[in-house]
Amino acid sequence: MDSMTSIAIASIITAGLTTSVGCMMPAISEGKAVAAALSSIAQQPDAAPIITRTLFVGLAMIESTAIYCFVVSMILIFANPFWTHIVAK
Amino acid sequence: MDSMTSIAIASIITAGLTTSVGCMMPAISEGKAVAAALSSIAQQPDAAPIITRTLFVGLAMIESTAIYCFVVSMILIFANPFWTHIVAK
Amino acid sequence: MDSMTSIAIASIITAGLTTSVGCMMPAISEGKAVAAALSSIAQQPDAAPIITRTLFVGLAMIESTAIYCFVVSMILIFANPFWTHIVAK
Amino acid sequence: MDSMTSIAIASIITAGLTTSVGCMMPAISEGKAVAAALSSIAQQPDAAPIITRTLFVGLAMIESTAIYCFVVSMILIFANPFWTHIVAK
Amino acid sequence: MDSMTSIAIASIITAGLTTSVGCMMPAISEGKAVAAALSSIAQQPDAAPIITRTLFVGLAMIESTAIYCFVVSMILIFANPFWTHIVAK
Amino acid sequence: MDSMTSIAIASIITAGLTTSVGCMMPAISEGKAVAAALSSIAQQPDAAPIITRTLFVGLAMIESTAIYCFVVSMILIFANPFWTHIVAK
Amino acid sequence: MDSMTSIAIASIITAGLTTSVGCMMPAISEGKAVAAALSSIAQQPDAAPIITRTLFVGLAMIESTAIYCFVVSMILIFANPFWTHIVAK
Amino acid sequence: MDSMTSIAIASIITAGLTTSVGCMMPAISEGKAVAAALSSIAQQPDAAPIITRTLFVGLAMIESTAIYCFVVSMILIFANPFWTHIVAK
Amino acid sequence: MDSMTSIAIASIITAGLTTSVGCMMPAISEGKAVAAALSSIAQQPDAAPIITRTLFVGLAMIESTAIYCFVVSMILIFANPFWTHIVAK
Amino acid sequence: MDSMTSIAIASIITAGLTTSVGCMMPAISEGKAVAAALSSIAQQPDAAPIITRTLFVGLAMIESTAIYCFVVSMILIFANPFWTHIVAK
Amino acid sequence: MDSMTSIAIASIITAGLTTSVGCMMPAISEGKAVAAALSSIAQQPDAAPIITRTLFVGLAMIESTAIYCFVVSMILIFANPFWTHIVAK
Amino acid sequence: MDSMTSIAIASIITAGLTTSVGCMMPAISEGKAVAAALSSIAQQPDAAPIITRTLFVGLAMIESTAIYCFVVSMILIFANPFWTHIVAK
Amino acid sequence: MDSMTSIAIASIITAGLTTSVGCMMPAISEGKAVAAALSSIAQQPDAAPIITRTLFVGLAMIESTAIYCFVVSMILIFANPFWTHIVAK
Amino acid sequence: MDSMTSIAIASIITAGLTTSVGCMMPAISEGKAVAAALSSIAQQPDAAPIITRTLFVGLAMIESTAIYCFVVSMILIFANPFWTHIVAK
């Protein structure tokens, strides 16, 4: 295979894996946080406002790691410096 | 194999794996959240409205990671820039 | 192997794996949700209507991730753009 | 190996794996749901009708993911478009 | 290896793996269901009739996924369309 | 290797693996069921007859999945249609 | 390697693996059953006769899956039809 | 493949893997911390301020390990000294 | 490698693996049984005689699966029919 | 590949893996420590000062293992003695 | 490699693996038994003599599986019949 | 590849792996110890001095295993006797 | 590679693996025993002498399995009969 | 590769792996022992002297297995008899 094809293939596979692998654990983790929130509300309905507020901050933090992976994945597909360099050559 | 075929194969395999692997953990996670919601309702029926509302927000957050994977998968099948470049050449 | 055969093989294997791997966790997850629903009903029979309603919404959300995988699998078998392109050529 | 043989082999292996892997988790999941149903009946015999009804709906949902895999497997053995195309050629 | 041998080998290996892998989880699952049934009977002997009835329905559902795998396995050994096609040729 | 040897080797390995892998989980599962039965008898000695009866039915169901694997294994060793076909040729 | 050597090697490796892998889970399972029996006797010494009787029946069932594997292993070493066929030739 | 291509491919794959693998555990860990925070608030609503403060410090520490991986990943894509050296040559 | 060497190597490796893998789970299982026996004696010192008797019968059953593996291993080293056949030739 | 390229590739891959693998467990471990701190504060709000102080010392110790990995990773990218030696040659 | 070297290497590797793998589980198992013994003594100091006696019998049984592996390992290093045969030749 | 390059590559990869793998478990272990310390302080605030003192001694012991790995890693990068020997030659 | 080198390499790798793998589980197991001893002392301080005595006997038994692996490892490095034979030749 | 290089590479990789793998479990195990010690002190502050003394003896035993691995590792790097033999030649 020539250089261009090899880099294209590596980018495709890596982009897919980065998103799929990188989204696994944030998903698990958000499920855990949501489940804890629901149990906590059931246990202490009066604290629902502060619980949901803390939950949303936490979900945002967790989601950020999924975002990192999605960003790397998009960079590899649409703004890949190695691909740009090879194509430009 | 020529360049076109290699890229097509890499895209097909990656698209399939990205969706299937990326949907595993959101599914688990939603099951966990739903299970927690059901237990919470059984424990505190009066808090059912706020529990189901929090549940739906949480499910939407979790589903979003599955959506990322599905989106990457669709990009690889229907809007693959590397494939477009090779075909155009 | 020629291009056509390679793409056909990649599509067959990926379609099978996508469905089988992608259906594993939704199945587990639905089992978990159903089990939680049954325990909740046994614990609080009066809340059965809201529990089953929440359960069905949850099952629909979980099933959706299995549907994504099945859809990708069907696209790869019956509406594969790479195969169409190679055959057309 | 020629094209026909390769596609046949890929179809055979994928069909077998899709069914066997895809049936693992629904089986586990149904066992979990049945076990939960039995414990629930033992705990609350009066709610047996609604528990068994919810159980059967849940089992049908879980079985559906096993059915998807079996369907893909049957398509690959008896209605494989790639095989049809190669044979027709 | 010639085509016939390759297809025979793939069929043999896949048939064996499909049955052995596909029977693992139904076996685990049935054990879980039976164990739950026994505990439930010990806890609530009066509900034994409905528990054993629900158990048998559940075992039938779980066994069905093992049957799918056994059926695919038998198809691959005794009614393999690819083998038939190659032999006929 | 010639065709006959390849098929013989594949049959030997598959037969061994099918039995050994396929017997793992039924064994675990029967142990679980027996353990549950023993605990149940210790907890409710009066229900021993119905517990042992349910246990034996359950063990028979579980053993059946091990039997499937043993049958496939015996077919591959002593009634292998592919081997018969090659030898006949 | 010639045919005879290949089949001999496959038989040796498969025989060893079948016994060692196939004996793992029955061993675990018997340990579980024995442990449950001991706890049950400690909890309900009066039920010792029926507990040990049920234990022995259960151990026999579990041992049977180990026996299947040992039998397949012995067949492969001392009564291997493929080896007999090749040697006879 | 020439040197430039090899280094480009290694950088792409490593960058993707570093981010995706390195973000898995921080995500899990943040989910655990958030879940513990929510349970703690439900248990002791009066301590909510100190709990959320400790939570945020902890999340920052955990996030830092994800940041290390993201930084290494960005260095490999946009400031790779080996790539610079090869290109300069 | 010639036939004799190949069979010798396969026998050596298989003999070692069969014993080491096959002794893993019986060891675990005996530890479990002994641990259960010790707890049971501590809980019910009066039942020590019947507990130790049941323990020894159980240990003998569990040890038997390790013996199977050791026997197969010794057969492969000292009474290997395939080696005998090759040497005789 | 020439020496320079090989060493560059090995350094890139190792640097990425060292950081990503080496940051996994510290992240998990910090999450565990933070979760324990939060539960402890909820249980004993009066001991919050000493708990947070012990937590921060502990987090620093745990973070140190992640730092080791990050340092090795940076050495491999920016101060690699083997690369320096090859380049100097 | 010539026959002698191959057999020597296979013996070395197998001897090492057999001992190391085969000693893993007995070690775990003895730890479990010792831990159970210590807890039992703490719970029932009066039964210490019978507990330690049962413990030592159990440890001997568990150690026996490690001994099997060590024996096979020593046979392979110092009394290997295949090596003897090749050397004699 | 020539000798120098091979040794350099082996040293780089091994150094990275040794640090990253060797730091995983000490990190987990320190997290466990810190978590236990925090729970213990919350349970018995009066014993805080002796608990933190024992904790720090324990952390030092655990950190020592991570130090061993870091030391081996540094030896391989900066004081590798094999590399010195080859370079000197 | 010539015979001497091959045997040297196999001995080096096996010696390292035997010690490292073989020391894993005894370490875990001793930790478990020590932890159980500490809990037992805390629960029953009066029984400390007999607990520590039983602990030391148990630790010696567990350490013995690590010693077996270390011995095999030392034999392979310093008293390897195969190496001696090849060198003598 | 020549003999010297091969042995050097095998020694480097094995030394690294032996230390890193061999230090994993002692680290875990020490963490477990320390955690148990801390809980025990919190539960029974009066027994702190004997608990810490038993802890240090236990840690020394556990550390010894890590020392074995470190020693083997150092022997392979600085006192490798095979390397000495090859270099001397």
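The first chain written gets the first letter, and so on, giving A, B, C, D, E, F, G, H, I, J, K, L, M and N; residue counts start at 1 in each chain.
Here is the rule we use: a residue touches a chain if its C-beta (ideal position, glycine included) is under 8 Å from a C-beta of that chain, and two chains touch if they have at least 3 such contacts.
The structure presented is a predicted model; accordingly, all values stated were derived computationally and were not measured.
**Student:** State, to the nearest whole Å, the distance from the C-alpha centre of chain F to the C-alpha centre of chain H.
**Tutor:** 46
**Student:** Using mean CA coordinates as chain centres, what's the gap between chain B and chain D in Å?
**Tutor:** 21
**Student:** On chain N, where are the residues touching two or more other chains?
**Tutor:** Residues 1, 11, 13, 15, 17, 19, 21, 24-26, 28-33, 35-37, 39, 41, 43, 55, 59, 66, 73 of chain N each touch two or more of the other chains.
**Student:** Connecting every touching chain pair, does the picture come out as line, ring, star, complete or other?
**Tutor:** Graph shape here is a ring: one loop, exactly two partners per chain.
**Student:** If the ring is traversed from chain E in the direction of chain F, what sequence of chains comes out?
**Tutor:** Cyclic order starting at chain E, direction chain F: E, F, G, I, K, M, N, L, J, H, A, B, C, D.
**Student:** Over in the complex, which chain M residues touch chain K? Could you list them?
**Tutor:** Going by the criterion above, the answer is residues 1, 3, 6-7, 10-11, 13-15, 17-19, 21-22, 24-26, 28-33, 35-37, 39-41, 43-44, 46-47, 50-51, 54-55, 57-59, 61-62, 64-66, 68-69, 72-73, 75-76, 80-82, 85-86.
**Student:** Enumerate the contact residues on chain N facing chain L in the complex.
**Tutor:** Checking each residue of chain N against chain L gives 1-2, 4-5, 8-9, 11-13, 15-17, 19-21, 23-39, 41-43, 45, 48, 52, 55-56, 59, 63, 66, 70, 73, 77-78, 83, 87.
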